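Labels run A, B, C, D, E and F following the written order; every chain starts at residue 1.
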Amino acid sequence: MKTPPISRFAVPDVADLPKDVRERIEAVREKSGFVPNVFLALARRPDEFRAFFAYHDALMEKAGGLTKAEREMIVVATSALNNCQYCVVAHGAILRIRAKNPFIADQVAVNFRKADLSDRLRAMLDFALKVAARAHEIDEADYEALREHGFSDDDAWDIAAIAALFAMSNRLANAFSIRPNDEFYAMGREARA
Amino acid sequence: MKTPPISRFAVPDVADLPKDVRERIEAVREKSGFVPNVFLALARRPDEFRAFFAYHDALMEKAGGLTKAEREMIVVATSALNNCQYCVVAHGAILRIRAKNPFIADQVAVNFRKADLSDRLRAMLDFALKVAARAHEIDEADYEALREHGFSDDDAWDIAAIAALFAMSNRLANAFSIRPNDEFYAMGREARA
Amino acid sequence: MKTPPISRFAVPDVADLPKDVRERIEAVREKSGFVPNVFLALARRPDEFRAFFAYHDALMEKAGGLTKAEREMIVVATSALNNCQYCVVAHGAILRIRAKNPFIADQVAVNFRKADLSDRLRAMLDFALKVAARAHEIDEADYEALREHGFSDDDAWDIAAIAALFAMSNRLANAFSIRPNDEFYAMGREARA
Amino acid sequence: MKTPPISRFAVPDVADLPKDVRERIEAVREKSGFVPNVFLALARRPDEFRAFFAYHDALMEKAGGLTKAEREMIVVATSALNNCQYCVVAHGAILRIRAKNPFIADQVAVNFRKADLSDRLRAMLDFALKVAARAHEIDEADYEALREHGFSDDDAWDIAAIAALFAMSNRLANAFSIRPNDEFYAMGREARA
Amino acid sequence: MKTPPISRFAVPDVADLPKDVRERIEAVREKSGFVPNVFLALARRPDEFRAFFAYHDALMEKAGGLTKAEREMIVVATSALNNCQYCVVAHGAILRIRAKNPFIADQVAVNFRKADLSDRLRAMLDFALKVAARAHEIDEADYEALREHGFSDDDAWDIAAIAALFAMSNRLANAFSIRPNDEFYAMGREARA
Amino acid sequence: MKTPPISRFAVPDVADLPKDVRERIEAVREKSGFVPNVFLALARRPDEFRAFFAYHDALMEKAGGLTKAEREMIVVATSALNNCQYCVVAHGAILRIRAKNPFIADQVAVNFRKADLSDRLRAMLDFALKVAARAHEIDEADYEALREHGFSDDDAWDIAAIAALFAMSNRLANAFSIRPNDEFYAMGREARA
């Protein structure tokens, strides 16, 4: 088969994009060696692009609190629940790299209950998946369960907010058929030290 | 009962907020006569506040395409699916006002299939609710169904993106127990002309 | 759009109805100032009309046990679960009036877990919604949970029976597309004393 | 094990019941040779007893329209969906007798799609089960599907109303743990002529 | 209606089957007085026939551990969950005979929670149905619950494996429309001693 | 964390196993360079081991009909639906190798609707997933849909039977917590020619 397009919507030429959007795209190309397709797909709407990545960075790149591997683990687990190919493949790669663990992304994506996780991380994902699947039933007992594993109230906000952000992101990627770049599949799969 | 708090997380003093956040809050207070609680609840995290409202404005306030009433209708229908009290009550008020129809918000929230809607709007909500509930099954036939009712490809993007944004927003409001302001309940309920 | 009909089935002329049915309809018209559409829709079948309202009155109008506001709250919560526009709109109005609370109906309809309710009322609705959604899993532990909040065994019967009666009523109203009267939407919305 | 009681609620002495309730019970005992437990369980509340059997008779015993076997088939199929032991066992017996078919009740209860049914009856059960499971999605296309198999509009009302009545009845029997009489299990199982 | 065929796939002539398959079929005919249709349906593929019955016998006919009635009870409960007419009807008959109880199969098929069962058997079926419906959530707490009712680890394996085998068998019977033999319906229904 | 065990049940010493079971295990070790854990986990019960692999080989190793890559694709898609870590990881590796495609297993596991598949393979997986998720609704229209894509009746049997076999296998692996070997994760991930 011919490789399907990056998105069901036409993707703009990077050269035609507003300067800040173009610079953000060039920065990621430099850092990663390729441009993840979600950047190109969302660039069709510069204002939404800016808001999306501002939100992403505020939650995924900030200092303190959850480790970056923990945040990616939330993304992979909730994106798998939502059957989002782009997010599971792309963030699975990042998770493998950040956790320095070639197995964890596939384990978490298929069934986090059977993954090699501490009780603390299992509690984190229980909360994240409840936000993803039935946030209307979240109550103080759920926050208490996090506290028992040492998560602060601000950690709880982070877990909920990351699950919520990817509830949006998964729906965009699925509705727009955003295709993961081939590069992601093999990243971070080298054997564990 | 005592009135429950605005959010389960402590809410900052407006006076202590960064200038741009404060100004945004004062602007909405001026326009509406009160500060919708979601502004106060999210202000606890200024970067997330900025990204959230930037995204909101990019989709809900832009010119062209769907009418503002149509956009609010998408919000109410998908937020009801997600059992989000804040969004159904607050955006239900805005929908009544923008549609100049005191009945439509309650109809759409309980069962849009029985609401007083044209076939065109029913198709719009069918698409929006599929994005909200099972975006992984969206395919070209869904876009074709929209086209048959005169929606352009960019309208389809808007419908999907609004449903996705409120998939996030509903989860935040539910996880944080953000309480709708009392003011919203009665807004726009005066009898139809 | 033109206002849709009261029901997808033709509605009889009140003048042509059997005397007892006609008198019941005239009595409600006198009391409420209008005839709720469910009376007209069901009058097409006088025997079913009589049985329906006899059942309704036996559970909703009897003395003792649950307050009338509590009974209406069960109706609104379970009817929302069943996406029944007629019952949520009509009984939402009655609930606002009986509870003297302009907010409670919308709160309970969207997500009773986030409504301004005592633990006792939350337990009442937990039981009612379990009867509505998965009565086959009800067991003695559910009755015990009610007892802990001071509900007698006969109160438990009432909660279950009201949830069951509206399981029927919701299905009739949805299958027949019974339209709520415009009058209901604004009833009981005046600000709290 | 000891035989469990007729209902989790105490059952009244027939001798102590109001005359009309007692006579109805004695009539069924004479006709069937035993008193089906639902009569005893509901007799605890005479007004509800009267309304319940009035509704039942209005739909299940009236002349014309669907055959009695067809009505019982709707009861068995929807009660199985609701996991209602009393209704599947008791009405399964009546269905076998009325249909003069010792197999049909078990077939319909387990999977009506694999039962020995004409296309007409399959369409009837498709409609009934949609009313039972998701009445909020019923629309004119569902009525049209019935019409194509020769069902009149009043037949459609009957199918919907029977499914709705047993939505109530199943919830009562499950919530109250009403036990089917031993007599029902073997009734109507003699080989086909 | 004409009796539907044994299976939607053509069924081979017993005389044409490999010797071992033919002998197995003749043995069951001798023992039961008829050939259960699943033997004929699967004989179309002798290798699969051999593997299926080898698996079946390894779990259902072995000595020790669960009683044969208990094993059949697992089959009936999980097959009812999967709406498998063949397995509920055929194994319901065997359950009635092995348990010497004419009621138990119908009770377990419709709602095992309301069946005449000891707490021990209820725990067994809770585990079996969790394996059937959501095995990915099974964890050590589920094994512990079995242990509390005196089940050994090998009993737990048996319960899980029987539920898993019939997860397969139910899907084959449903996909192939394998029809239960008329003989099964009435077996074991004679009144309790 | 310490690596969790191969299975929650003790695994036998290969040296102690019956000769045929031992030989089968040694043969796979020779061919693959390691013993996939499912062989060790099931060897605890030699009769079940024999039946399981006999069934497996009858469907997965036979000549003709579906290609081996197509069969593995059915396994991966249905095992992902069932959240079976062992089967998705192990058969994902085999699928990558047999399809000579490093991307296809992850695509199919997360959302086959967005995978790089021909319409024919999409129809194959639609059928397989319907057997896995709701076989009781399979009817002749589903077989007809396969025929339109060139699948014979025996191909349809194979698709259904593979989905059914892994319905069993997934439940065993989940209930027993069978751990995929580390070797599987990286197999077949080398870039496409």
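Simple rule for what comes next: a contact is a pair of C-beta atoms (placed from the backbone, for glycine too) under 8 Å apart; a residue touches a chain by one contact, two chains touch by 3 or more.
Nothing here was measured: the structure is a model prediction, and the numbers come from that model.
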Exercise. Would you mind naming the chains that touch chain A and likewise touch chain C?
Key: B, E
Practice problem: Look at all chain centres (mean of CA atoms) and spot the one farthest from the centre of chain C. | Solution: F
Quiz item: Relative to chain E, which chain has the most distant C-alpha mean position?
Solution: B
Quiz item: Measuring from the mean C-alpha position of chain D to the mean C-alpha position of chain E, what distance in angstrom results?
Solution: 28
Exercise. Report, in whole Å, the distance between the mean C-alpha point of chain A and the mean C-alpha point of chain E.
Key: 44
Exercise. State, to the nearest whole Å, the distance from the C-alpha centre of chain A to the C-alpha centre of chain B.
Key: 24
Quiz item: Mind pulling the chain F residues that touch 2 or more other chains?
Solution: 83-84, 111, 114, 136, 174
Quiz item: Is the way these chains touch best called a line, a ring, a star, complete, or other?
Solution: other
Quiz item: Each pair of chains that touch: what are they?
Solution: A-B, A-C, A-E, A-F, B-C, B-D, B-F, C-D, C-E, D-E, D-F, E-F
Quiz item: Which bits of chain A are touching chain C when the two form their complex?
Solution: 136-137, 139
Quiz item: Can you name the residues of chain C that touch chain B in the complex?
Solution: 1, 3-4, 80, 83-85, 88-89, 92, 102-103, 106-107, 109-111, 114-118, 174, 177, 179, 182, 185-186, 189, 191
Quiz item: Mind pulling up the chain B residues that touch chain A in the complex?
Solution: 8-9, 44-45, 47-48, 50-52, 54-55, 57-59, 62, 82-84, 131-132, 135-136, 138, 140, 143, 153, 157, 160-161, 163-165, 167-172, 174-176
Practice problem: Please name which positions on chain C make contact with chain A in the complex. | Solution: 111, 113-114
